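Paired with chain B in one complex and with chain C in the other, chain A is shared by the two complexes that follow.
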Partner chain A sequence: MRYKAYIPYLFLLPTLLGLVLFSLGPTVASFLLSFTEWRGTVLPQFIGLGNYRELLSSRIFWQVLRNTLAYVAIYTPATVAVGLGLALLVNQKLKYIAFFRGIYYLPAITSMVAVALVWNWIFASRYGLINYILRTLGSSRPPNWLADRDTALYVLVIVSVWKSAGLPMMVFLAGLQGIPKNLYEAARVDGATRWHQFWYVTLPMLTPITFFVLIVTLFDAFRTFEVTFVMTQGGPLNASTTLPYYIYQNAFEFFRYGFSSAAAYLLLLVALIITFINFRFRSRWVHTNN
Partner chain B sequence: MKQLVVAMVILGGLVSAQSSVDYLGSWSLNEAEAELIEVCERQLDITVNYTPFSGSGVADLMTELRGLATARRLPDVFWMSSGFVDEFAADGLLYNLQPLVDRDVMPEAESWNTGAFDAARTPNKTTGDMHAFPVYFVETIMYYNKDMFDEAGLDYPTATWTWDDFLSAAQALTKDDNDDGLIDQYGYYGFGRYAHVESWVYQNGGELLNAARDSFEPNEQAIEAINFMNALINEHQVAPQPAEMAGLDNPFHAGLAAMWIDGSWAMNGNRDIEGLNFGISAIPRGPSWQEDIAYGWSDMVAVSATSDDPEAAWDLVQCLAGPERTVARSGTSSIPIWRAIANSEAWLEPDQLPDNKAFLLEWADNAGPNSFTPGWGEWRGYVGGAGLQGQLDEAFNGNQTVEEALAAATDVANTVLARFYR
Partner chain C sequence: MRSQSDIYVPHRHTKQPIKLVLQYALLAIVAFLMAFPFLWMVLTTFKTSGNIFRLPPSLIPDKLFGEDPFGNYRLLFSDYNFLRYALNTFVVATLAALGQIITCSLAAFAFARLTFKGSRVIFGLLLATLVLPIEVTIVPEYLIALLVYEPALQAIGLRWIDSLAPLIVPSFFVGATGTFLLREFFSTIPRDLEEAAVIDGASVFAIYRRIFLPLATPALITLFLLAFITNWNDLLRAVLYIKSPNLRTLPIGLALFQDEYATQWDLLLAGSVVTILPLIIVYIFMQKYIVEGIATTGIK
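Let's turn to the complex of A and B:
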C-alpha cells in the first residue's frame, strides 16, 4: 500500500505539538526567563547572569543544595536497596503471594499527601506514635522529629523511601524472574550457599535492571516535592528544603519567576552531572549480554 | 413589520449602551456570589461577566492575576489581598479609587467601617490613595477557653488586661495533671506566625518596620513584645515550645492551651470543635502601651488601571462591598465593611459562640498598622523559611536567642525589601 510521505508526520503531529507546546516550549521559555527579573506584573527585565550570581552567592541556596545532595545520596541507594529486598521477599512460591506483592506496592499508588499526613501523626512530637513508644521505653525528651534541624530532612527521606520502594520492587521482581534457573542449579552443584548465589548470580544478573532503577530513582530524588510541602514546608529554617521545593517557593510564593527559573536550571545541571557520572561508570559494574 | 424592526433597533441600541464589566471572583466566595451579581446587575443596569475563581488561596489568586496582567487581560474588577496591593499599585495595575471614594463614599462615611480603609492606601498607609476597596475586615483577637478559666476559678480576660494579668492567669492555667513532667494544659499557645507576634507587638506600641516602611527595623517596644513571648515559653513555661506541638494541628482545639491569639477567621473553626466553650477578648496591653491597636487588614476588590469603563467598574465595587453583601453572601467570621450588615443580628449571631461577638466590632474601631510590604510573604515568612517566622520559632524552641533571631531576620528581610526599594 502506498501513502504520501507526509502522512506519518500527520499521525505524529498531535504528540509533537503537545511536546513542543507543553514541554519543550516552557523549557526554553524558562531558560530565557532565567536571565530576567520577572514578577509577572510587569514585563521581564533582562539582567544577564544576575539570577545565577545571586543564587551562587546566596547562603540559603548552598544550604538547599547541600540538603538536596544529602537527600539524593540517602534516598537513592535506600530506595534501590529496599526495593531489591522487597523483591527478594515476594519472589517466593507462597500461597497468597500476589496479595503480599499488592500490599507492598500499595504505598506507591497512594496519594503522597495522604501518606505524608499519616506520617506527620506518626512523627508528631507530643502525640506521635514513635515518641509515644520512646517515652514508654523511658526516654524523657524524645526528638522533635519534624521541627529539629538535625532530623527533619531524614524524616522526609524515610517517608519517601517507604512510599517509593514499591515500584523498584516490581521492576526487580520482573528481573529476578527472568534469571535462568540453570545458573542457580550450576551454582548449587558447585557448592554455593544462598548468600553466594545471591552475590555471584542474582546481583550480577540484575545489574542492567539495577542501573535502570538507579537512574529512575535518582531523577525521582531530584524531583521530590510533595512530601516536603505537606510535612515540613522546608523547615525548620530551610533545614529540609530541597531544590524542587525552593524552586516552587520562589516561583509561586515569592513570585520570583526569573530567579526560580535559574534555580531550576542549576538543578538540571546538577542532575545531569550526576547522571553523566553514572553512565560514565556503567560499564564497570553493569553486566550486559555483550 | 416596520414597527418590529424599529423596536429591535431601539432594543439593540439599549443593549449595546449597557456597560459590561468583567469580574474575577476569589477563593473565599461562595455560590451566593452569582446571586449578588444578579442583584448588582439589576440595580446598576450593567452586565457583569463573572468568572468564579477556581484556586484555593491567596497565592493561587495572585498567580492568576499575574498571568492576566502579563497578557494585558486583567478583568475590570478583581479581588486583591492586603499583602499585594502595594506591589500591584506600584506597578501601575490598579486604578486610583481615591477621587471616587471621596466623591461617593466619604459623604456617607458613617455607613462604612472606614477604619479598614487604610489597608488599601498605598504607598503610605495613612496618607496614600486607596487603590482598592475593602469588602471585609479581619483582625486578631484573643480566644480563651471558658471552661478552663471556670475550672481554675479565674475571671475571664477583659479588654484592659495587662501582660502581668495575662501571665498570672496563664500560670494558674498551666498544669501537669499526673506529675509525669509533661504539661497537660498550657495557659497559652503561640509561635512565630504573623497573627501571633504582631498582635503583641502593636499592643505594646511597637513597630517592625521603619517609618518609610521600606526597612525591617523592629523598635524597642517590638523587641520587648517578642522577648515577652519568648519568656512565656522558655522562662515561665506557660506556653509550649513550637517544636513540642509539631504535627499537631491546633493545641487550642486539642484542649492543650487555654488561650490563643489568632485571626477572627478562626471563629468558625472553633465552633466546629465539639465541646469547646470559648470567648474572645482584646490582646493584653504591654508596659509601653499607649492606645489599643487592633492588628488587622482587609480583603478588597480593585479596579484594573486599564479598565475601559472605570465608572461602571467602580459602581460594581460599591455594590459588592455595600448593603447587598448580606451575611448569607459574606459569611460570619470577617467583619463586613458595610456597618448595617455588621451590626445586624444575622452577623452578630447572639445564639452562637462567642457570646460577645460584638466585641469584634469594638476592636475593629482600633484598627492600626500592619506589617504588609511588597515581598512580605518572603521576609515575614511562613513555616519553614528563613524569614522572621522561622527565626522566631527557632528562638522560641530555645535554639537561638531572640537577639540572634532578629539579627538573622533583619538580614533576610532587608535583602528582600531592597529588591523593591532600591
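Let's turn to the complex of A and C:
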C-alpha cells in the first residue's frame, strides 16, 4: 500500500483525541490535582504533599487500605480458582454442555444493581435465606452478614466472585481446548491416572493463561465499585469500604477533588506494586518452553 | 479456533451410565447455584406480597393464579417510567457500541497494516490505559466536563451534564480492548487480498472499508455485543451525569427506585428482571460471538 505519511494518523484521530480527552489527559490532570486543595468552588490551591500527608495519617484511610488488600487477597485467587473449576466442568464432551456454559456465564453479563437485591435477601439477618438455613441447622445466633463489621466485606467478596468467575472460565476453557491431545495420550501410555494427567499436564500447560487471568482479575479487584455502591455503601462504619469507593465518596459526596485524586494515585501505586511483584515471581511457576 | 475434533476429551467412557449421571448431576448443581438469584428473582415477581418473606421460603408463585399475574410488570411500565429507562438504556448501549466499532476498527486497521512513526508507542499507551482504574480518570473527566464542555455547549444551546452524551460520546473516541481485539483479527487477513485492490489503485480508506470491514464482520459483531453489554450495565457515569428522571438509564433508575420503594420487593425485583432480561435474550442468540471475543482478549 502507498499512502501519504499523515494518512495513518487520520485513522487514529479518534483514538488519539480520546486518549487525550478521556484517559491520559485526565490521568495527568488527576496527578496535578492531587497536589491541590480543591472543593470545586474557588480555584485549586497548591498544597504540595498535603493531601498525601493527610491520607497517610488518616485512620480511615489505613482501614480502607486494609480492606482493599483483604478484598484483593481473597477475591483474586478465589475468582481464578472458581473460573478454572467451572472451565474444567464445561470442558467435558457431553450433550447440552453449551447450555451449562451459558448458565455459568450468565452472572457476568448482568447488571450488579439488578442482582444486588436478591443477594441482600440471601444474606439478610432476619429474613434471609442463609440464616434461615443456619437456624434450621441449629445455630442460635447466626452472623448478621451485611450489617456486621466483621463479615460485610466478605459478603461482597462472595457476591463478586459469583458475578465475575464466568470471565476466567471462558479464558481457561479456550486454554484447555488448546492443549495438544498427544500430551495426554503420551501420559496415558506412561500409566498416568486422571489426577496425574491433571497435575502434570493440564496445570503446567495452563500456567501462561493462569498468569494472564491472574493479572486481569487483579486489576478487576482493584477497581471494584458497583458491588460496594449497591450493597453496603461501604458500611457499616467503613468496614466494607475499599479504595475505589473511598475515592468516589471523597470526590462526589464530600467534594474533595484534590484529596480524592491523591487517594486515586495511591490506589494506582498499590496496584502497580502488586502487579510488579507478580511479574517478578512469574518465572517461578509459569511454564514456558515452546 | 480449533475444530471440534481437535478438542481434548478427558475420557471416552461415554457408555458408563452411572458416571454420566454423576457428571450431569454435578453440572446441574453448579448451574443451580449460579442461576439461583435469577430464578428467585423471577419467582418472587409472581408472588403476592404476603408470600414474599415467608419462612421457610415459599416456592409457590401464587400471584400467577390470581387476577393480575403480570401486575408488577404492568405497574413498572404504566406508573414508574421503566419504559423510558429501557429506551434510554437501549439508545446509550446501541450508540456507544456503534462508536466502539467505528473507532476501534479504524485504529486497529492502522496498527495492523500501516507503518508510521510512533505506532508502537501509541499502541503501548493504549494498552496501558487498561491498567488505569476508572477512579483515576473519572474525577478530572467530570471536572473537565463541568468546566469546559458544559459552558461551551451551553453557548450553542446544548448540554453535556444531565444529558445522555457523556454516556455515549467517550465510546466514539477510545477503546483499548476493542482495538486490541480487532487488531488481532485484522492481522490474520492474508495480504494477497489487499494487493489486488492496491494494483487497481484503491485508496487506503477504500481497502479498509471494502476489504477489511466486510471480512471482519464476525469480529465486529463480537465487539458490538461486548460494548453493548458493558454500556447497558454502566452505572458510574450515569450516577455522575444524569440528574433528570427522564434521562435515567435502567441501572441508575433501578438503583434510585430501590432507595425509594425499599419495601415493595415484588415490584423492585420485577424492575431487576426488566433490566436483565434484554441482555439475557441478546446473550442466548449471540452466545457464539460473545464467547469468541472473550476467549480472544480475556477482557469484557
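FYI, the second predicted complex is superposed on the first by the 287 of 290 C-alpha atoms of A that agree within 3 Å, B and C clash if a C-alpha of one lies under 4 Å from a C-alpha of the other, contacts with A are read in each partner's own complex, and residues count from 1 in each chain.
Following the convention adopted for this analysis, contacts are C-beta pairs under 8 Å (C-beta built on N, C-alpha and C of every residue); 3 or more make two chains touch, one makes a residue touch a chain.
Everything numeric in this text was worked out from a predicted model, so none of it was measured.
Enquirer: Once chain A of both complexes is superposed, is A:Leu89 in touch with chain B (first), chain C (second), both, or neither?
Expert: Second partner only.
Enquirer: Touching A:Phe22, do we find chain B (first), chain C (second), both, or neither?
Expert: Once the two structures are laid over each other on A, A:Phe22 reaches chain C alone.
Enquirer: Which partner chains sit in contact with A:Asn238 here, chain B, chain C, both or neither? Use first/second/both/neither.
Expert: Once the two structures are laid over each other on A, A:Asn238 reaches chain B alone.
Enquirer: Under the stated touch criterion, name the partner, chain B or chain C, that contacts more residues in chain A.
Expert: Higher number of touched chain A residues: C.
Enquirer: Please indicate which partner A:Phe254 is in contact with in the superposed arrangement: first for chain B, second for chain C, both, or neither.
Expert: Only chain B is touched by A:Phe254; chain C is not.
Enquirer: If you stack the two complexes on chain A, which partner ends up touching A:Tyr127: first (chain B), second (chain C), both, or neither?
Expert: both
Enquirer: Which of the two partners, first being chain B and second being chain C, lies in contact with A:Pro14: first, second, both, or neither?
Expert: second
Enquirer: Please indicate which partner A:Gly40 is in contact with in the superposed arrangement: first for chain B, second for chain C, both, or neither.
Expert: both
Enquirer: In the overlaid three-chain picture, which partner chain does A:Thr207 touch, first (chain B) or second (chain C), both, or neither?
Expert: Neither partner.
Enquirer: In the superposed arrangement, which partner chain does A:Gly178 touch: chain B (first), chain C (second), both, or neither?
Expert: Touch partner of A:Gly178: chain C, not chain B.
Enquirer: Which parts of chain A are touched by chain B and by chain C alike?
Expert: 40, 121, 127, 252
Enquirer: In their shared complex, at which residues does chain A touch chain B?
Expert: Per the stated touch rule, the residues are 39-43, 60, 120-121, 123-128, 140, 144-149, 232-238, 240-241, 249, 252-255.
Enquirer: Give the list of chain A residues in touch with chain C in this complex.
Expert: Spelled out, the residues of chain A in touch with chain C are 1-3, 5, 7-9, 11-19, 21-27, 29-30, 33, 40, 86, 89-94, 97-98, 100-119, 121-122, 127, 129, 132, 136, 162, 167, 170-171, 173-174, 176-181, 184, 194, 197, 212-213, 216, 219, 222-223, 225-226, 229-230, 243-244, 247-248, 251-252, 257, 260-261, 264-265, 267-268, 271-272, 275.
Enquirer: Inside the complex, what are the residues of chain B that reach chain A?
Expert: Listed in rising order, the residues are 59, 62-63, 66-67, 69-70, 87-88, 91-93, 181-182, 240, 242-248, 375, 377-378, 382-386, 390-391, 393-394, 397, 399.
Enquirer: Going by the contact rule set out above, which residues of chain C touch chain A in the complex?
Expert: 2, 6-11, 20, 23-24, 26-27, 30-31, 34-35, 37-38, 40-41, 53, 55-57, 102-103, 106-107, 109-110, 113-116, 119, 122, 125-126, 129-144, 146, 170, 172-175, 179, 194, 198, 203-204, 207-208, 229, 232-233, 235-236, 239-240, 250-252, 254-255, 258, 265, 268-269, 271-273, 275-276, 279-280, 283-284, 287, 290-291, 294-296, 298-300
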